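Across the two complexes that follow, chain A remains constant while its partner is chain B and subsequently chain C.
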Partner chain A sequence: MKKSLLALAALAAVSASAYDINGAGASFPAPLYFDWAYSFQKATGNRVNYQSIGSGGGIKQISARVVDFGASDKPLKPRKLDKKGLYQFPAVIGSIVAAYNIPGIGDMKLKLENKDLAAIFMGKIKFWDDKAIAEDNPNLKLPHKKIIVCHRADGSGTTFNFSYYLSHASSDWANNIGIGKALDWPVGLGGKGNEGVSSLIKQNPYSIGYVEYAYKLKNKFSAAVLKTKSGKWVSPTEDNFKAAAKHAKWTAKKHFYQILALQPGDDSYPIVAATFILLPREAKAKDKEVTKFFDYAFKNGDETAKKLGYIPLPKETKDMIRAYWKSNGIF
Partner chain B sequence: MDKFLDSLFLNTSRIFAITVLVVLVALFIVLFKEAKPAIDAFGLQFLTNTRWAPNMDIFGGYPAIYGSIVSTAIAMLIATPIAIGIAIFLSELASPLVAAIVGMAVELLAAIPSIIYGMWGLFYLAPILKDIWGGSGLGLATAGVVLSIMIIPFMAAITRDAMKTTPDILKESAYGMGATRWEVLKDVVIPYVKSGIIGSIILALGRAIGETMAVTFVMGNAHKVPHSLFEAATSIPVTLANEFTEADTDLYYSSLFYLALILLVISFTVIAIAKFLFLKRVQEKKI
Partner chain C sequence: MTRQDRRVLTDKIITALSFIASFIGIAALFWILGVLFYKGFTALNLHTFIYDMAPPGRAESGLRNALVGQLILVAGASLIGVPVGVLAGTYLSEYGGRNGKLAKLVRDISDIMMSTPSIVIGAFVYAIVVAPMGHFSGWAGIIALAIMMIPIVLRTTDDMLQLVPGSLREAAVALGAPKYKMIIQVVYRGAKSGLVTGILLSIARIAGETAPLLFTSFSNNFFSTDLNKPIASLTVTMFNYATSPYEDWIDMGWSAALILALFVLGANITARFLIRKKKGEK
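On to the complex of A and B.
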């Protein structure tokens, strides 16, 4: 009895000094933020509530100052940040894979030129044994089956990053489809969220779709080998994602505005993307509490990030972010 | 004192009733206000434009409107005869024990949340239909089938209850005059409950056209007017459910409200037509 009272008192003491942070936004990093929040609370007693409502919702809510921090898969341009009065920094990196379901063709066996991938998603390459694909895969027996394209039905940062990459890989794509979180898809089936696209790929033999790497791991999908910016074949592996992340030239001056697709380097996987955190400029005291959380996550959260299929930020980037916080008086 | 209570009761219930009207009007106003930028930008062409390219700020509502109407029509075509059949069996033909058991099952089915029909449709029905129809198994036809399964119990339960209201004395007199079961059904029961049946069809139609979760899973979610019923398509509620969270330009946001407004107008028109034309005709005949 006495013991439990003591424990209660201790709990009360902790919660008196502990604080709550509310965040909302991108669904892609949500599993990781939940995990980080959980261990942060265990370590410090402070609670982080994160609502996974999508990047657009996150930007809207932080612009209206409904939450303490917003999260977005699509970075805001410095000018927009100034207009809305926001700070911005990356939290973690993710990568997007072209996952396919072709019976008999295993993981990382299929090679696809970046422009051919664009042609597939535009419906211009219709069959798996098309000459353009066969050329790059002389050792594979490609079936004469119609390609079922699977894409996101909801607006998403994943689509933004994927279409950014395709736009830079294919002028045909850039001119006709363009870049965006939701597109006018010429062909294919739409699924809601990464889960929706995953289940479409799983259910439809001879399909291809784009999902975050974490969902490839979870569903044991086969993913295509793509080409680097310099034209070398590159497999969707963690080392190659990291190589791309290293090449990113972040600058605090631009509030880390940077899109990571098609980075230079012979082993840089072409579709890598960071996900960002937005903080209100006027709420310095609250921002300090939020940066404390991310500082904790940067220090202790790399292992969980890797386990869940994300790529932790390189150490230099983390230091640069801390310096950015300090110079703005929010750390 | 009694008079005071009376008037208090009258006014309270009046306020409650008026609230309904206020909510309806407020809903219209809000939808219209939010949709205004899109209405100004696209006008009525929104209804016929087939291109939906959010990243270029081009919005056309035709594929979604088409999908809503066609999937609902398929659902009604499948569901109406089956539901009426169930209702006839339960109210007129089945033994009391069977009627009680099956009746209970129908009511339980009617209470299943629609998202469960959607998940079932995606994971179990779509693969089966894919083998039969080819393609991906997702599209207007699949959506129509899932919707019909969703509304059948609902329609059947209402129609059965309506049929039960046929006074026994009417049926007995018909039987007494030597009418067969079929004749009693055709000439006594169905004419008597016609308005109930039509009412159930209207309610089911309203449910089907606004249904979101059951069809999001099986529609295929493509902003295209499909070449066949077995290709991926979309509908208004599905578009709204998928795209609201990430609608980040003003025109995008407003276009989604425009779609919502159109949906409201469609369901309104359907119900109004049904109510004023059909029910009136039915009532006139009865007199």
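On to the complex of A and C.
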């Protein structure tokens, strides 16, 4: 036993020339980070170990400094970043869809008013053939079945962005539930991570949940047509996500703090969100290794991002992020 | 109905109920094993053992890093847990006395430790190892598992050594053997199969643990044997894969479960076999 342990240690020493990074956080971009890390390792030998534990966990673990980078879909305000001693930059943009599992009703067939979606997640609309839903869907045969609400059970940036959107769409939601990474859900089943919510939707007919678009693609879920800020019906398609993402106004001074939900424009899908990377300010040497990975991903990862259903950051934003790294001495 | 009839009837009802209860217990075990074999074998192939974890949908995807990580964690925990547990158990049985104050205290504490939820041990090790070290590490996982293992080994060792008749000890001492020789050559030898059984059962127990590893050894998507870094384990991988939305990952989660179940089952059966052998000797 001892001998083989020694042999293993020797083996580890040989491969130690390449570096290792550990990151943890948001499940929303996790499929993409896995993929980026996989090709980064193939290209450079460096290993980026990303674990999907939720945005809440990501912020917590980077604040405790037990990982090299954290990831969160909820951007931290500049003041909070100063307090925790963190840098922040966006990595990719994604979209949250209202995914439903109603036998017989296909993708983008169901239309949901933003305030009705809030009512569903508050348990105020209980059945699929409720008048409020039927009004907007005169051509659908809605079943008289109880709606099974699926939501996150862990601290989640997806929940933060989703509840931010609902709070602005429904005053009832804003007053009673509010905005947060973890909410006091009045109804529904809780799942861990986008992964958990996806399996809940899959397993329960007549359910609805909110997941990142990549999870919708992977699971071939049906997603609802929602309304833009201006009140136009808008389908969850990549063009409409991009239309919303165009309105982002990033500034390095605010550490890229920006919430992308409910952007103006008749094609702007209402729940688009960037996902962020958090780096400790004191660990410059390690930060340089992390930014090297994201620089590689910015250069080579756009195709993978698109394939998985994310929106790559525009070139100007990437350059702005590189300038931000340089000015802080972490690139 | 006479009194005798009533008693016979009661007897029959109770017998039937116990039979049904034991059948349910056994059926559940075979049901679990059946599902595990059925689902686990669909994704189990050579790739499982020669490739590391990969993003969903890749052909070159396996569990090699998790398997190796699991072996290292369990072996490391055993290297710490078994000697400490056996020596402490020896103290309790041979030096502490059945009713010694210190011995009683140690016994009570180890009983409490045995019933501590494993997630609490994970949180404890996070606070004393992971946070000060500044990163998740294989060592933290090993320490968490070893902490779980010590009270189990300690108690079984204590019990097994006490089964060795006092007359054997007296005989050894009467022949002029010093106490340490008496313990090593007479008491240990007499309790050998019991000791090994206890150790095997404790290994089987910790091998299936996920909770203490979640925030100690964390997980690693890559092959790593460096105990100063996060390391993959079968249990955490199984948890992540089984809850994922990807078909190929879910299938591999089943394979991980099957491998783990076979390992634990193997250890348990070996332990039973040793117990039986011991009974046969007597």
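Annotations for the structure displayed:
Convention: the second predicted complex is superposed on the first by the 313 of 331 C-alpha atoms of A that agree within 3 Å, B and C clash if a C-alpha of one lies under 4 Å from a C-alpha of the other, contacts with A are read in each partner's own complex, and residues count from 1 in each chain.
The definition used in the following text is that a residue touches a chain if its C-beta (ideal position, glycine included) is under 8 Å from a C-beta of that chain, and two chains touch if they have at least 3 such contacts.
Computed from a prediction, not measured in an experiment: that's the story for all the values here.
The superposed arrangement places chain B and chain C in clashing positions on chain A. Looking at the shared chain after the overlay, A:Gly94 reaches neither chain B nor chain C.
When both complexes are overlaid on chain A, the residue A:Ile179 reaches chain B alone and has no touch with chain C. When both complexes are overlaid on chain A, the residue A:Leu189 reaches chain B alone and has no touch with chain C.
Of the two partner chains placed by the overlay, only chain B lies in contact with A:Gly56; chain C stays clear of it.
Of the two partner chains, both chain B and chain C are touched by A:Ser199. Legend: residue contacts after superposition of the two complexes on their common chain; A:Gly309 is shown touching neither chain B nor chain C.
When the two complexes are laid over each other on chain A, chain A has residues 191-192, 199 in contact with both chain B and chain C.
Note for the complex: chain C touches chain A at residues 54-56, 58, 68, 72, 75, 79, 130-131, 134-136, 218-222, 224-226, 229-230, 240, 243-246. Chain B makes touch with chain A in their complex at residues 51-56, 58, 122-123, 126-127, 130, 136-138, 216, 220-223, 232, 234, 241-243, 245-248, 252. Interface residues of chain A, counted against chain B in their complex, comprise 53-57, 59-60, 148, 153-156, 163, 177-185, 187-192, 199-200, 203-204. Listed in rising order, the residues of chain A touching chain C in the complex are 1, 5, 8-9, 11-12, 16, 20, 22, 24, 31, 34-35, 37-38, 41, 47, 49-52, 64-67, 191-196, 198-199, 202, 215, 218-219.
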